[in-house]
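So, here's a batch of structures to check.
Note that subunit A is present in both complexes that follow, paired respectively with subunit B and with subunit C.
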Partner chain A sequence: MMEEKETVATLAETPKERNKPGLGARFKREKAPAGGDGLTPEGPTLSRGERFRRGLRSQSGWLFVTPALILMAVFTFYPIIAAFVGSFQQQYNGMTGTFNGWGFDNFIRVLKGDTGTGGANFVQCLVNTLLLTFVSVPLSTLLALLISVALNSIKRVQKLYQTVFFLPYLTNALAMGAVFATFFKIIGTPNNTDTVGIVNIVLGWFGIKPIDWVGLQSPHWQLGKLNIPWAKYIVTIIYEVWSGLPFKILILFSAMQSINKQYYDAAKVDGASRWTVLWHITAPMIMPQISYLLVTGIMGGMKQYSAIVGLFGETMGMNYDMGTMVGYLYNYIGLGQTGYAYAGSLILFVIIMIITWINNLITKKRTTY
Partner chain B sequence: MAKSSKNQKAPVVVGQWDLSAGDEGFDAEKAQKRAKILHIVKNVFVYLFLTVCAVLAFLPFYWMLMSSVKTEMEFRESVPTFFPHSFQWKNYWMVFHQVTGTRGGASFGQILINTIVVGLLSTFLGLVVIVVTAYALARMDFKGKNILFAVMLATMMIPGELFTVSNYITVAKAGMTNSYTVLILPFLVSVYYIYLLRNNFMQIPNSLYQAAKVDGLSDLGYLLKVMIPLTAPTLISITLLKFIGTWNSYIWPRLVNAQQWQLITNWVTGGFVDRVQPTSPWGENWTIYGGLYGTSETLDTLKMAAVCMVSLPLLILFIFCRKYIMRGVSKSGTKG
Partner chain C sequence: MRISIQHLTKIFPSRTKGGEAVHAVEDMNIEIPSGQLVGLLGPSGCGKSTTLFMLSGLESPTSGKILFDDQDVTTLAAEKRGIGLVFQNYALYPHMTVEQNIRFPLDNMRIKKEEGNARALDAARLVQIEDLMSRKPNELSGGQQQRVAIARALVKMPNVLLLDEPLSNLDARLRLQTREEIKRIQRTTGITTVFVTHDQEEAMSICDTMVVMKLGVVQQIGAPQDIYDDPNNLFVANFLGTPPINIFKGYTEGGKVYIGGEAVAEAPASCGYENREVYVGIRPEGFIYDAEGAFTLRVDHIEVMGRDKSVVSVHECSTKPTVRSIIDSDVMLPPDAETLRFNIKPYKLFLFDAETEERLR
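Entry: the complex of A and B
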């Protein structure tokens, strides 16, 4: 039946080939006679005006993409240029547009931490971001892998577990950050503590003294100018593993489900053990998903900010000791120092480009062996 | 160790030779039994592991819900209670009527209206732009289409934070701050969704278009009556993710708008204290604890009530639209 219709359609279509381009052409064609501009000549002999008009009609696609193009021009293309230009303008004032010569001054001051505004320190933010990302992303990917393997091997209530594991995905980083902070918080005055928080109570069972995880007395190591607030790192990593799991489990589990069952049957015939199956069938088959998750996880980690605000408030810890690179940008926009914000955003861009480049190198290598 | 690994392999081998080796029947039965026990033990471990992980994944939600109805005294007990002695729903009333924030201040009602208006408008307008652009890129022929598409895709490589600084200056110069427009306009175009929908559109066979033409359908009619219904699952996923994106957006609203124009996530970061402010039906000085905690200390029970009010709508949405959200997420990997 379908085929019949098709032949009819092609037959019907041939005489008015010009209708093809789409919406715009159709509308204009119907309008033209109503406007009463006379009969337009058909066939190969066309007037110059008509040929021009038809040429325009075939380009009516541009009309459709115009809204998107205008919006992108203002909010995507222009900002890219502005960021490159603005980061090289010294002592740039975003509101008045004045600046004091061109040069690398912004970058030097950002990297040296010599902004003279009392804002966040870039190197501190960079170290925080890199450390948090490169610990939490592999950790949560590994845990997601374990859970997915376990989930894949059971038959009953699989759906229920799947739903529970996916729940944290849809939550708000700020709201859940605040919930996590209550797990670790010591409430009360220094002399009269009300509660040390669930985590400290559990640690107390093993004889560990209460630690002020998120508060003002939070323990840290000092490495020269650099501050390593390890207790806050642990809190953040726990939160990030928890919030990163759902997406990773979703991807890994659906990848495992789509592996051809014949491989497993063949392994069974050969008498392979569970571990052999896992290492030699499941692992290689889901390798692309694992590397995808690592890359997107690292990319996302480079842009982390909301969770830090949820856990440690809008000042990102004490004296921005938990600042991240994105947090750095917003900090300097807020201070009205757009030149430093531009320079910071350009450095972030370069770092992400380097990660993309490394990723491309690795994936190319893998596909060629 | 070696013995156990031998046992592990036994059932498979036995299973294979079950029929041919009739005289080994007794041994095979024994081995099968052992394998069965081993299987059960393994399963117990797997379920135990999954249950522990599931409980840990769910614990923050449980803690959030229970803390939101505890009294502040109970919340601060040195050994926390797992289940509240009594439910104090007053916490929600207190939070609902509280005006929070330093820049202007806003009540929950105001913030909720903001979020819903901005969410609906940006989702609807965004969908129109996405559908129209995707249609042009998938179905229409015009010069420079491929270059345009390539340029659009290339912008996905650049982190959005690079745009924020200039966009902030742009909207501030245009005098658009403190409005809904500034929350909607910059996020209408989302290249990834255009890309996703374009691919969906291209999968629709051309013969359908010709069939529709024979039936006298115009191009617009074809888009509305054939293409959109056929790509409905993708469109629903995009709609949901876009709305969730608005609900969760925090950085941009805080940057460009004063409190009374901000969205629901900004409201959560405010301080929630034991003191109801002018908008409440009880007047300015109504408190739960009679001034025991002062009027500037943020109480965690109140904060958890606020967190619940922001998180629960998302969880409910998830329960009803689980299929579409999970599909959309596994495709795009973004939060909108």
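Entry: the complex of A and C
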């Protein structure tokens, strides 16, 4: 919003500036307003009509941003405010629009997992989201970096590889999730005689018994109230890494191509190994792009949802054990418990803000030269 | 370290199908004695940078050999040749401080931290940037960046120092300073140094040996003064000297050199080239004002430099629009003269074959 205001201010000032005596004013004589003679624009005698026109022009910037302002007010600001207000309304009833006093009840119940609806557990969703994000985003960025370096060092079929690596980017997340699920699936009950997906077939070659990666019998660890469905985590992380690669490769590869070749020549003369070149020259030089990918990747990771639905269905695993933060919100909206959804979204908002703030602190240090 | 270049050739294949391959360097033969400062000089596209990169190992030659002392390094990788290379735009790593930049080659050689620090500091002292060690390259001026690049090249104590157009990115004043600096550093370290330049003045002023190149072919090798005084062909004569040499179309007849009907000098006694067309090159400082002189020039205007003055005149046989002759400022010229007569110093006059442009001695 701040940006918008600044734009308005500069727009509004431009006409006034033109009237200041100076080179601009003199050379733009023919464009000067009809009321003045163009040479002495600061002249005291301006007609009423001219003054009105100028006044209008100085405010005309507002006119241009108004459509955007209206749309944002309706679709952005109002929902934010409504969610904020709604999160403090206890036991809101969607049918009657009534609620039972103001307070932090929604937040307390969300955090305690005491919603009494059989919906997703907030802490479970938070842990899932953080874990998946902070494993898959750095992993896929690192992989993208290595692939980009490899891509950068080949000459012949570079274009072909570029296309191949970019293809997943053009595919729908739900569809990809469904395909991934079949890779990992066991159809029927999980014993050795059942039809299994390609992953289990391959594992079978190494004597590993089929694992129900995505189904109801999926192995997991129990940590107190918390469920750690590690098999599903692995599937999700593989999926996230793979689907995150194309965009990251695109960004890093093009950044690498713009590095001056002389740096590499210099490094070669200086006896740097390939490894040294990668970590001491290439990576620092594309640090702005890397940190951009990390920041946007983490933000995107915090909001992941559709991939989970694609992989594990609408219930996000068994009893929402693969639920994410956004999944949590959808879940409670679906249950008609908007108060919990609002509270959850506010908590998500605060968490994303904190992470972004930390991100900024780190990247500012690392990318300025 | 002695450098020996034998039959060095570099051919770049053409980019388009059926296009012509580019002969960047052709059959180059140079012997560079140890500890010398050698300048590769030529107009752009003459293959001098390609030669330098072949010496560094970043380019591999199509054929021919490069020997450091008696070791054949033709196929040796760049990092194993023991060379220091300074790039035209310095190629300092922008994310590293000056110290890290200088230390980078040492870190790659896995040299211990204390020793590395000491050597980095020594190299920095040599080029007088020891106060700037914690800065980043973009906080330095062009001249300082240049010094950092030299320090980085010197820190690993190379056998050969290679500089690609080391002064081209500096302003005129800094250029004068830096070229003396390069000379000083080369003297102090005694490292065999090869540098590339298109600026003949730069090369003349600091080189021990100069190699003049044109279109990949070496034209002449020698001490700057020797090449200036005794050019092999028209190209070399033309390329060296500011202001440049004056070239006239002339002919020889009866043992004399004629320009536009005036016998300006004796033809070289030994040559026996009678009655043929020649190019006559006369250095600007080769004119002696003489009211009875043999060579007449129509004066356009006179430029006063203080130390000397230069007479800018025209002549119908000149291949350039104007003829420039430099006269001592204490020689009094008749005011408002339309024509002036000169005698020519015989050792400032060169004859070149009109066809081959080779020198006639």
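Everything below uses one rule, namely that the second predicted complex is superposed on the first by the 293 of 369 C-alpha atoms of A that agree within 3 Å, B and C clash if a C-alpha of one lies under 4 Å from a C-alpha of the other, contacts with A are read in each partner's own complex, and residues count from 1 in each chain.
Rule of thumb we're sticking to: a residue touches a chain if its C-beta (ideal position, glycine included) is under 8 Å from a C-beta of that chain, and two chains touch if they have at least 3 such contacts.
Because the structure is predicted, anything quoted here is derived from the model rather than measured.
If we overlay the two complexes on their shared chain A, which of subunit B and subunit C does A:Lys112 touch? Say first, second, both or neither.
In the superposition, A:Lys112 touches no partner, neither subunit B nor subunit C.
Looking at the overlay, what does A:Phe64 touch: subunit B (first), subunit C (second), both, or neither?
Only subunit B is touched by A:Phe64; subunit C is not.
A:Leu329 contacts which: subunit B (first), subunit C (second), both, neither?
In the superposition, A:Leu329 touches subunit B alone.
When both complexes are superposed, which of subunit B and subunit C contacts more residues belonging to subunit A?
If we count touched residues of subunit A for both partners, the winner is B.
Should A:Arg51 be classified as contacting the first partner (subunit B), the second (subunit C), both, or neither?
Touch status of A:Arg51: no partner.
Just to be sure I read the superposition right, which of the two partners does A:Ala266 touch: subunit B = first, subunit C = second, or both, or neither?
In the superposed model, A:Ala266 contacts subunit C only, not subunit B.
For A:Ile281, using the defined touch cut-off, is the partner it touches subunit B, subunit C, both, or neither? Pick first, second, both or neither.
Once the two structures are laid over each other on A, A:Ile281 reaches subunit C alone.
Give me the intersection of subunit A's contacts with subunit B and its contacts with subunit C, in residue numbers.
Touching subunit B in the first complex and subunit C in the second, residues 268-269, 271, 273 of subunit A appear in both lists.
Within the complex, which stretch of subunit A touches subunit B?
For subunit A paired with subunit B, touching residues are 2, 5-6, 8-10, 12-13, 19, 21-23, 26, 58-62, 64-65, 67-69, 71-72, 74-80, 82-83, 86, 94-95, 143, 146-147, 150-151, 153-154, 161, 163-176, 178-180, 182-183, 185, 187-188, 193-196, 198, 201, 242, 245, 247, 250-251, 254, 268-269, 271, 273-274, 296, 302-303, 305-306, 309, 313-314, 326, 329-330, 333-334, 338, 341-342, 345-346, 348-349, 352-353, 356.
Would you mind writing out the residues of subunit C in touch with subunit A in their complex?
Where subunit C meets subunit A, its residues are 56-58, 77-79, 83-85, 87, 89, 91, 93-96, 104-105, 107-109, 136, 138, 152, 156.
Residue numbers of subunit A touching subunit C in their complex, please.
Residues 260, 262-263, 265-273, 276, 280-281, 284-285, 287, 369.
Which of the residues in subunit B end up touching subunit A in this complex?
Subunit B residues touching subunit A: 5, 8-9, 12-13, 16, 42-43, 46-47, 49-50, 53-54, 56-58, 60-61, 63-64, 67, 75-80, 129, 132-133, 135-137, 139-143, 145, 148, 152, 155, 157-170, 172-173, 185-186, 188-189, 194, 207, 210-211, 213-214, 218-220, 223, 244, 247-248, 250-251, 255, 265, 268-269, 300, 303-304, 307, 310-311, 314-315, 317-318, 322, 325-326, 329-330, 333.
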